[in-house]
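Look at the two complexes coming up: chain A is in both, with chain B in one and chain C in the other.
Let's turn to the complex of A and B:
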């Protein structure tokens, strides 16, 4: 997978998380996965289709999900959430929207044309994700609330 | 001795959400994201606006507008929504009431749809992610 595809996601995730949650964000070491990989518990997934195709996953534990949603809500003067309820899921969806929105604008400016699907939120225990004939690049982001893994699998359409 | 008058009061500033007659400006929020609906609602009510209703898609937004009319002063309209998108809902609202004050809420990278909305009669637009200053600035500019 070309690094041009992943950098905009990493930059936007860093910018949006820092800006919205008002916390320090550390970017971890990037790694590549081919086989099925375990997921942490809560994931927002966004599909891409066009000149490039694939998907982006924002993966975190349930506990981190609740903390991140609460952090985003309180930074905007709204009440935090106690559980992964409808409001928490809507908040994480919006966070994924913000990050992909900014990343996609960067990719469009580089000349890649494609559309996005609205984010879907997955929750559950012992889930794993596999992409046939796709390599996935994972960028961990460390926050005081826990870790968010940005998992990008994109390729050029044949 | 210092009196109360020596201290600035946070209440001195006119609430942005009051019309010239002192009545709260009535808002309909149309957005499929519960988060965004709540965020806009929170920002507006803190400035004295009154959120009279919200709708989760364009079709519902159009129906609520017709139901509330003429007791609604402002609509915030998301662009990307299921069932009926914001641009179509805007078009139908403008057909029904050509004086409607509609402000579009757009994701990044939807310039063409924003342009189309402005041609169809939207008063203004706000690009997400939303923040307090941007929302209040654009909304007060569009109701004047």
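Let's turn to the complex of A and C:
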């Protein structure tokens, strides 16, 4: 993945998570991956288009998903969720949108033009994601609620 | 006392293995926490050494001489001799030791602690494994398991065969290399006969050390270099009286120092630029794609960009440069350097900034730096040229195969491949050598 793309994603993930959840966020070591990756249970995905093609995927366990959604909701004086219901899904979708949106804005300022697709959310057991010949950058984020893995795969349009 | 222990062990022995005749006894002791034994026929007595008389100008493991009831004997410290850690003893406290009875004389050895005497059938003794213990294999006559403990039986006749104060060499950890040439006469014939073929072991150990200390893997890619370097290394280490074996990262670096290609990690100098430029063909197409996997901090990629721009002024150039080192590759797009670091002829492509020079857009626009691992496969377009110097040697052999498969997949027919100066493709049949000094190959 192009070097210039890395920081905007890492920074906005950190910024948004700290800001929205008001918790301490720790960034893990970045690494690259390409083989099929097992998914943790809840995944929000946003496609990228424009100068590039690719996608950003936010992956976490169901439990973490519920806690993160609750955290976001309570910080906005709303009731926490007990289950991965409609409200929880919408909240996580919004979180993914905020992070990706900020990253894309940063990239735009650097002169890269990206468009976003509307986010989608997947839930289920034993899921895995694979895109052959498409290397993904993994940005692990450690929160008190658990781990969110941000999986960014972008390639230049030939 | 000793005989009591002997009797006890013998009894025990009979209980556990009545069918085995006890025909070998040894005195056991510890060195650096490991168990060793010496044939009891060679041990005159167990002793405590209190006061040595220091003898100047002897090897470090000669502790001095000792007056044993009127006989003056030399005292050797096994721990120093075999480079095992020495337990700190309070000043003036007696050292544990054995008095050995050798063919011609007596000798005292200092050990950590004396354990006991054990007896067993000599059939239980197994030959030592080449990487056994901290002591050179040829000083070990065998290994035996006794009551759940593993004893290494030292061959004292062989250790002290030349002259008691001057063993053939300083054996060290895991060393099983060929003899170092001894200044004392009479060593050559004594050592050559019973040696296992040292070449193979030597090679294996060096390869192992290079991969673990420096992540460098010997394979068909670099073994021509490795074999000649091994000879050189052996000679130079012996001249300095050092061990041939590599025991830490610095030594691995020293071994590999001549491997790295010219200007590895820096901008290419004029001579290299000229030879690379000379090996490039004249082009008909107007588009040149170059891939530079393992570009590190980007110096190589920039050198290539300038070189190709000069060589092909009118074509459309594009260089993909990738590395798995996030720290290095992150600095590459905005590389800043001082004037002296680049050849003087590059001045047209430089812009000066607050912290030094950087490349003008005419050059930086040619290169796309990626945080990427070749082994993850690639979605790159077909390349006219691939430059990857000293990269494949740092991949494990299985990954090297994959690496070349990826290169062959991406490279256009009759595309060029530039490897490290001491590297060559694994499978030469798909490649044609163009220039050996810069390791330039053409894909068939």
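The criterion applied here is as follows: the second predicted complex is superposed on the first by the 158 of 158 C-alpha atoms of A that agree within 3 Å, B and C clash if a C-alpha of one lies under 4 Å from a C-alpha of the other, contacts with A are read in each partner's own complex, and residues count from 1 in each chain.
FYI, a contact is a pair of C-beta atoms (placed from the backbone, for glycine too) under 8 Å apart; a residue touches a chain by one contact, two chains touch by 3 or more.
Worth saying up front: this structure is predicted, and the values here are computed from it rather than measured.
> Do chain B and chain C fit side by side on chain A in the superposed arrangement, or is it a clash?
Aligned on chain A, chain C fits beside chain B.
> For the overlaid structures, how many degrees, to the nearest 10, lie between chain B and chain C at the C-alpha centre of chain A?
160
> On the A-aligned overlay, A:3 touches which partner chain: chain B = first, chain C = second, or both, or neither?
Second partner only.
> Contacts for A:133 in the overlay, against chain B (first) and chain C (second): which applies, first, second, both or neither?
second
> Just checking: does A:34 make contact with chain B only, chain C only, both, or neither of them? Give me first, second, both or neither.
In the superposed model, A:34 contacts chain C only, not chain B.
> Is A:63 touching anything from chain B or chain C once the two structures are fitted on A? First, second, both or neither.
In the superposition, A:63 touches no partner, neither chain B nor chain C.
> Just to be sure I read the superposition right, which of the two partners does A:101 touch: chain B = first, chain C = second, or both, or neither?
The answer is first: A:101 touches chain B but not chain C.
> By the touch definition at the top of the document, which applies to A:155: first (chain B), second (chain C), both, or neither?
second
> Return first, second, both or neither, reflecting whether A:16 touches chain B, chain C, both chains, or no partner chain.
first
> In the superposed model, how near does chain B get to chain C, counting Cα atoms only, in Å?
Shortest inter-chain C-alpha distance (chain B to chain C): 26 Å.
> Residues of chain A touching chain C in their complex?
Touch residues, chain A against chain C: 1-4, 6-7, 30, 32-34, 132-135, 137, 155-156, 158.
> Quick check on the complex: what are the chain B residues that touch chain A?
These residues of chain B touch chain A: 33-36, 38-39, 42, 46, 80, 107-109, 128-129, 132.
> Any idea which chain A residues touch chain B in the complex?
Chain A reaches chain B through residues 16, 20, 76-78, 86-87, 90-91, 93-94, 97-98, 101-102, 104-105, 108, 118.
> If you look only at chain C, which of its residues touch chain A in the complex?
324, 326, 329-330, 332-333, 368-373, 376-379, 381
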